[in-house]
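Chains: A, B, C and D, in written order; residue numbering restarts at 1 for each.
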Amino acid sequence: MSSSRLETFSDGVFAIAATLLILNVRVTGSDLGRSLDRAWPSYAAYAVSFVTIGIMWANHHGVFSQIDKVDRTFLLVNVLFLMAVAFVPFPTALVAEHLRDGGLEPAALAYGFTLTVTAVFYSALWFYASVRRRLLRQEADARVVSGITRSFLPGPWVYLTATLLALWNPKVSVVLYAVIAVFYMFESALFGRRSPAVE
Amino acid sequence: MSSSRLETFSDGVFAIAATLLILNVRVTGSDLGRSLDRAWPSYAAYAVSFVTIGIMWANHHGVFSQIDKVDRTFLLVNVLFLMAVAFVPFPTALVAEHLRDGGLEPAALAYGFTLTVTAVFYSALWFYASVRRRLLRQEADARVVSGITRSFLPGPWVYLTATLLALWNPKVSVVLYAVIAVFYMFESALFGRRSPAVE
Amino acid sequence: MSSSRLETFSDGVFAIAATLLILNVRVTGSDLGRSLDRAWPSYAAYAVSFVTIGIMWANHHGVFSQIDKVDRTFLLVNVLFLMAVAFVPFPTALVAEHLRDGGLEPAALAYGFTLTVTAVFYSALWFYASVRRRLLRQEADARVVSGITRSFLPGPWVYLTATLLALWNPKVSVVLYAVIAVFYMFESALFGRRSPAVE
Amino acid sequence: MSSSRLETFSDGVFAIAATLLILNVRVTGSDLGRSLDRAWPSYAAYAVSFVTIGIMWANHHGVFSQIDKVDRTFLLVNVLFLMAVAFVPFPTALVAEHLRDGGLEPAALAYGFTLTVTAVFYSALWFYASVRRRLLRQEADARVVSGITRSFLPGPWVYLTATLLALWNPKVSVVLYAVIAVFYMFESALFGRRSPAVE
């Protein structure tokens, strides 16, 4: 299958980006017990970003199960998408570090902007593959395909909205990023059996 | 096989989490010879965590050999499990750094708590897959399945006990973490031929 | 297929080298908003190197689709090639850090030299495999093979030229590195359907 | 094939350990040009360790091509072997940092000791698999098997000797480590076609 190396490379980037998040969980200060308590924003940021990357990975899995072959354009849109995914650890560290100081607004904007760009490339990847069934498998079910399309449409707008809210109140943005991750996780788990992402 | 990408992603996280442990092995001080001698807690912590992650990987291998297909819930429980596995390098560094000072209690609690959570997600993964044989292969042997179930049941309790002992004496906890790793390694190696984990 | 582990290992190195680039994106300074603005060279360097590694990965994919079996020499030339690929994060960090100070000349030379060496090993890999069709698949199309050969020939010279220009004006070199990456990306995407790299 | 996940995990650790080496290539000092020149021990150490890990990977490939199935003991010896491989970046950084100061003796001992332990686990892995053809494929050629055995026998002794020489003159040790890597590389490349490691 010609898409198998694409999946190996993509899975590698997803796995590394998620695992590198731990390098930004750090504590400072002489009293380790209190430092560990005070570091909860690092743990929360780690969890939200890990789950977000994990869900993107799971959806990638779903997209590829509908795809038969890949061409160079798809390969390169996928590289741009992965470039955005691999960027996530950077704004994650910023949000964790500035959750309790005046730097939260730019940190929240950077985080949201990264996820918005990621969602845009993700949609581009899917629409390139699915428009006129360009790269789809012959047996791909039309209802499944339009189900994936519907689930990708809101992504960029949801993240863009959450990002722009940071200009008004960055804490609201950050809470929204967490809520979106938890929502997608439960939505997947609850409605997954009906969803097209896994056969 | 629909679980193959799940295995690629999981193997990636296991491999990266284990290999990143080396980034926390560091020496300071002007006399390199003495610094290398004094750094033995780093080596020990590296070895215990590497072996612990290695055993979890080997068992994951065993679980998947019984599984036929995966659904979204399984995918997401696996993401939560991997989130805990990828967290291990952080408390490993804490234990190594504080083995000889007053910070060992919180460090040992953090290490044990991480492994307890990991064991809980691991059991959840297995029970979700095996209850009423939800995701098992048709030909999965009932004795093998209940063997895996029995081997997973004590995990969270063993780690929780070792963790709570840190409130009394954190050194005892740390020694226990090492003993558990060595025990699982030998137990696997000695009784492995009879075990279901590898056919 | 005997080349499959070679591809797994290579994809791993590509994915890790690309993802590690994010560790060099860092900000300093008390005002996070301004620091994030001033850090644009880090983002640009991240993007250029990520895309460059991504294109090399996509071409590697194309090369392997023509190859039937591998021998030890090929394996080891591939190791040397990957050694150069995995080196890319180091000069990338140098260019990002020195884009606005007097250190740009050595940084640009280091970056270009690394990519020149990478291109040389890449060509060596392909010529070793394709001369007298040594490792090619029986059914590999002669036109496809000579198409790959033509696309590899200019690589080392293009990068060597861009590198040497740094002795005259390092900013011109750095702009050229970005232009080359963007050119290859669009060239691939636009002419990819006619290209041999993906069937 | 039941050994395929073992190979994915192992390839991941090999690829990550090799690629992480770049994180230890760093320069300090205000004049970047001179700093880059003075940092040649980092580049040399990077190259020697990358090639050493690459050759171990290539040989691992050779070993697995002879193996039919794996059991738990093999799995766990492989984990211990990978634990040693993943340790290599640490002493590599020490040697690079102390090549020109009084810390070279302990650094060279640490490097050599790590490679000696790696070679011991590697031999253990092979002998466990091959003694009485325990895990070998039915069709594994006896001459090929004894060829691999012969090539593994000297490994630990060669590295132990090079290590102990550091007590007399650590520079000689370090030069030997490089010579061994280059020797194995050329030996593989020149005699590879006759070697059993790749069919």
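The rule is simple: contacts are C-beta pairs under 8 Å (C-beta built on N, C-alpha and C of every residue); 3 or more make two chains touch, one makes a residue touch a chain.
Remember, predicted model here, so these are calculated numbers, not experimental data.
*Asks:* Among the chains, which has its CA centre at the largest distance from chain B's?
*Replies:* Of all the other chains, the one whose centre lies farthest from chain B is C.
*Asks:* Would you kindly state whether over half or under half of the residue numbers at the chain A/chain B interface are used by both copies, giving same or different?
*Replies:* Shared-number fraction below one half, so different.
*Asks:* When the C-alpha atoms of chain A and chain D are each averaged to a single point, how far apart are the two points in Å?
*Replies:* Centres of chain A and chain D (C-alpha means) sit 36 Å apart.
*Asks:* What is the distance, in whole Å, between the centres of chain B and chain D, each centre taken as the mean of its C-alpha atoms?
*Replies:* 26
*Asks:* If I count partner chains per residue in chain C, which residues reach a count of at least 2?
*Replies:* Within chain C, residues 8, 12, 16, 20, 23 contact more than one other chain.
*Asks:* Could you please specify the touching residues of chain A with respect to chain C in the complex?
*Replies:* Contacts found on chain A: 2, 5-6, 8-9, 12-13, 16-17, 20, 23, 69-73, 75-76, 79-80, 82-83, 86-87, 89-90, 94, 98, 102-103, 105-107, 110.
*Asks:* Sort out for me which residues of chain D touch chain C in the complex.
*Replies:* The contact residues of chain D facing chain C are 7-8, 11-12, 14-16, 18-23, 25, 27, 31-33, 36, 46-47, 50-51, 54-55, 57-58, 61, 64-65, 185, 188-189, 191-193, 195, 197-199.
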